[in-house]
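In the two complexes that follow, subunit A is the common piece, with subunit B as its partner first and subunit C second.
So, the complex of A and B:
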């Protein structure tokens, strides 16, 4: 494993009980209560979903956005294993941890959004397979990926538990799961875009395009890097460590390159379909379109030069901008510019929002617990010493 | 019967004469015959037989008795317009005795009845309208000194067929509801044998007419069910062909008269509509020749089940006049589910004060936290830059060292 050449990851350590974990715990408890109410009394009792908007915050935010934000592991693995850029290896585990939580909770969230949730196993039962359905593709693929990610991440637990023999055996097979862990997200992140395509005319022309699978895939990769930027900066601030600028700087450059390609595809598609004019109409939808794309353009202003990329504050803001752009791309397509006919409206209810907030709180809490207790983040001493010297 | 092609009859003089007699254009007359044949459920070609029979056969003699009733059945027949049925009653059949329609009175009209019975012995149709009182020797209804029982038995003795028109004659109907002081009964009970019944309050005139035309064409009554009702008219539940059936299936019900569901034309089942347990062709044939919706349920009133045998209040097995209007029908073919979708489809609520403020609070907190993190990162970067500017390049060395490990 190339990981052996780098600083070995180590647990951050420290107390698990502080203001952040307490707030997260409360938010998770609130979420659990609402989910219990939802499971017993149904979607109507908790959400603002209706026949016009059968997908709301839980699907769009928790699953579409949640899984896209969880692409850090995939994006970094793509860089490390496919393009053989071993210097980024210390970023793999933290990125994978974010992905693990993002996807696992997205998978759980979709269960709560099923009207008849007790039938959730149908999608895994061969007799119920609808192999022509894009939803089936997404569900099967995401489930597989969650399993694959837990296997990919399991060395962390094996190391912690001291099961070195099992760790070594797994290490020999891991390449297979790593390969799967790159293929599967490419499949379902593109399929999530296909879901928008199958929505047909209900989706605004600025987002309804057969190119959507490519756009979603590219944006998911970009988002992966954006999240790594964000996560590294936040983790460094929270744990009072040095930001891994030496790795983030070139990685951000890769991100900018992919983002330039993304914007090229996005606008070339709009021009080719002749709908770019709609973006210049004085409408709320056009405004949403420009805010979304401004978020993708902003990093070019923030971290264009090597010097600018050396500033963690700029990397952090660029990461946020990219994340916002990816979030808005999905929100716009599936909710804001999604028109199912006159009279239908949707805005998430308070319980819906609290569940979504609770899901993110669970991710934060999980990240804190695992990084403090398991070897995920790179050992701080190896490069953070200058801060103390 | 030989001819099975209606169009070939167009030029026949008998048809022309018959159409002149009943006062309708020839083409319309043939259409009427075809409609009757179709209404009876007869095979293709039978319409020609019907037309020939109506045009050429001797008009059957009909004796029409009235007993305990409101004359609604006769009134209903007089309102039929295809053709105007009073013309048909007077011209297609030979109505030799009818207490309501006869201009004559007293001994003169009773003599007409006796003459017709003698002349058409074994060939006339007896139609009975109204229930027959049986208590105290039947003294509660007398015509020309004879009780209803005596009249019915006398006229039925030599009749080719007996038709009980309306619910009263069929099985007692409204006069027989509890406490039934006169012991009202149907014709079949009095005669002690089954008769053809055309129940309804009033019955649809075309059901009666088609039965008569069938008798005229084929010399026999059409197939009857176990209650004596012609199957062509009474073999389907009202529920099956009801125009409001889709509302039943979707669970959209009027809950009380005049409520939103009632005004929108929803299903009347929960107002006590007996359509799900009543066999009749009301929703398809309609009443009064006035177009769509002209039947009780179409007008917004639940079916009272008048074509089903009702035997008075307190005897729950009856439907018509037996079961109160507000009581739910026993659905004979489809049991309704326990739960239905909502009648009013909610189209979603926009942002509420709570949800919008919660979202704004979260966004604000995130933005604030983000700004603080960015500021701190910027400050520490500035400090580091300043330190590096002061001289020491320690950080670069460490980074290189880290790369080499």
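So, the complex of A and C:
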């Protein structure tokens, strides 16, 4: 199995100043300005939020969708460390890096969406926090997970700085943080689904179910693999490397398996609750439902066979389809199929969109800086070199 | 240079089974928690009901004349600024409750609007303010206990000093009551707290105090419920005595009036486990903006899921234990390799490194 030979991670190198990083820098500066305006003049001055749609792009896109898209690290760790599929090991660091930025920025994003952000610490303070609240569980769990991920990722910095002693000591404890890094996202990704439950009849029956925690957890795992497919293809193309098809191919198969189970749960729940009929009404909501689920079904057509999964373009498209499906599951539940009464409408304002774009720009910039300067991506040479035994 | 051996060694199979078992257990836990809410698991949290001394209001839409004295009194009692919906901005004209308007009278209009309290070609009024639920969604949703329910009076109160402004209460409430002050960088949540700050001075809810017809009546909810059912039992058009202000305000506060053509439904008796504000109407409640709610609260469903999954942190720790055990075994080989190659990431041995013994 010489094809399984792994490359050790190494910095990609190259200049940090190019068109991409420059654009990212400008977008981040714009975001910073808008955040400043928001802090001085309030949410009303910068957003289209209203009392009918109290959660807009900054919560639903930046946090709920952003954190789900940042599940790559969790999904790959599950595969490598729990199911002991060592062949995927080179995917761990890049996936974890994506997660690290996704979550850290989601955490930062929620802070300036908070109307009374200076009280933020109450969420962690006994006497204030409310263990019955789904929001408490999500907030506490995400914060803990961000810390755990920085610890999980710190070997990269320790290696770079040549602190081998600290690296070795941390290495002996790393298994515990890896375990935490699997349990914590399982908890809060499930709870993000539970968040819909208390909203009751305001959420359309196609998305309002006590099975939501399982649906959200499964979709987060699937999304993790989808994002790895997407990221691997983009990174390979941007850094002019070969796509790691030998790893992505079997990983995509795992993804399809979990996705089949996901669809089974999703539709069994709708049938059991007797609301599937609503998906066949001629309504915009029903259309949104079918587009969402079509995104989860499409990969079965795109990458069903081994041959199809060897095609990077198909892997890339399947990754995008899965990401879209996960995005729509969350958008539908929290915004599109959320009806709080007549008279309320919401579409994000330009400043809201610019902040959301700025956050994704910060993720891209962070990814570029870290992969170019720190040992994250597998060394490129190994692809050119013939395998030896 | 070692190569991937990837041998499913003899002990590999049972272990993989164990691993799958672990993960299966975790998955089943989540699924079980979710399914559990449909049946009745040990952690099931029943819908709360009103405390015996719960305070509330009875709003009788057939008595309301739409004078909006209660809207003005509420503004004054809560020290809220006026809100304008007209060009001239002469006086307070809010169209809905907001972060600065906690009480409002809305109007139902149909066709020619000839007859009061008629569903077709008629009009009717409806009060919009906090229902003070027996099992409030906002209290369950709030991550920092800024929304609380008084154990004695049952009043749902808000503490801005605790609030983080996440607005989950705004999203969670089925009546759309808690509202955020978007116009301020230090905005608070605004909602009716049944004038709990005026009780010390011997007052009760300002809206009930000023209501000239007794359409809004203050009192213990259990007394108000008896009064509501008394009215429903009377034949429409007959004469009866209506109390004003507070239900225990005495007969001199009351007056004699005609019984309305009620819908035979006390809104708030059973909705979401009951609310402390009760409503009577001649027009069907859905048509005057009151949602159709089941007797079980969504807070109970939500908390049952949370307690089933995270009660005492038993399940998270069990899963963490299993994951730690498995991760320790699997990271071990990885680590040895990292240690011997870790000295120089550019050394040839380190370049291709892994060859982990996955056994």
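The rule is short, and it goes like this: the second predicted complex is superposed on the first by the 377 of 389 C-alpha atoms of A that agree within 3 Å, B and C clash if a C-alpha of one lies under 4 Å from a C-alpha of the other, contacts with A are read in each partner's own complex, and residues count from 1 in each chain.
By our rule, a residue touches a chain if its C-beta (ideal position, glycine included) is under 8 Å from a C-beta of that chain, and two chains touch if they have at least 3 such contacts.
Computed from a prediction, not measured in an experiment: that's the story for all the values here.
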Three-chain arrangement built on subunit A, subunit B and subunit C clash or fit: clash
Contact breadth on subunit A, by residue count: subunit C or subunit B: C
Which of subunit B and subunit C A:87 touches, first, second, both or neither: both
Touching partner for A:20 - first (subunit B), second (subunit C), both, neither: neither
Touched partner set for A:51, first subunit B, second subunit C, both or neither: both
Subunit B versus subunit C as contact partner of A:354, first or second or both or neither: first
Touching partner for A:120 - first (subunit B), second (subunit C), both, neither: second
Contacts of A:281 with subunit B and subunit C, given as first, second, both or neither: neither
Touched partner set for A:345, first subunit B, second subunit C, both or neither: first
Part of subunit C, among the options 6-14, 78-86, 240-248 or 294-302, whose backbone runs into subunit B after overlay: 78-86
Set of subunit A residues, in rising order, touched by both subunit B and subunit C: 5-7, 49-52, 87, 343, 382, 389
Residue ranges of subunit A in contact with subunit C within the complex: 1-2, 4-10, 38-44, 47, 49-52, 54-55, 78, 80-84, 86-87, 89, 110, 113-117, 119-120, 122-123, 128-137, 139, 155, 159, 164, 167-168, 171-172, 174-176, 178-180, 182-183, 186-187, 190-191, 194-195, 197-202, 210-214, 217, 265, 338, 340-341, 343, 375, 379, 381-382, 387-389
Footprint of subunit A on subunit C - complex, ascending: 1, 3-6, 15-16, 19-20, 22-23, 26-27, 30-31, 33-35, 37-38, 96, 98-99, 137, 140-145, 160-168, 170-172, 174, 176, 179-189, 289, 291-293, 298-299, 301-303, 305-307, 309-310, 316, 319-320, 323-324, 326-335, 338-339, 341-343, 345-346, 350-356, 358
Parts of subunit A lying in touch with subunit B, wherever the complex brings them together: 5-7, 48-53, 87, 233-234, 236-237, 243, 246, 310-313, 316-317, 320, 343-350, 352-354, 357, 382-383, 385-386, 389
Residues of subunit B that touch subunit A when the two form their complex: 345-352, 354-356, 358-359, 362, 370, 373-378, 380-381, 394-395, 398-399, 402-403, 405
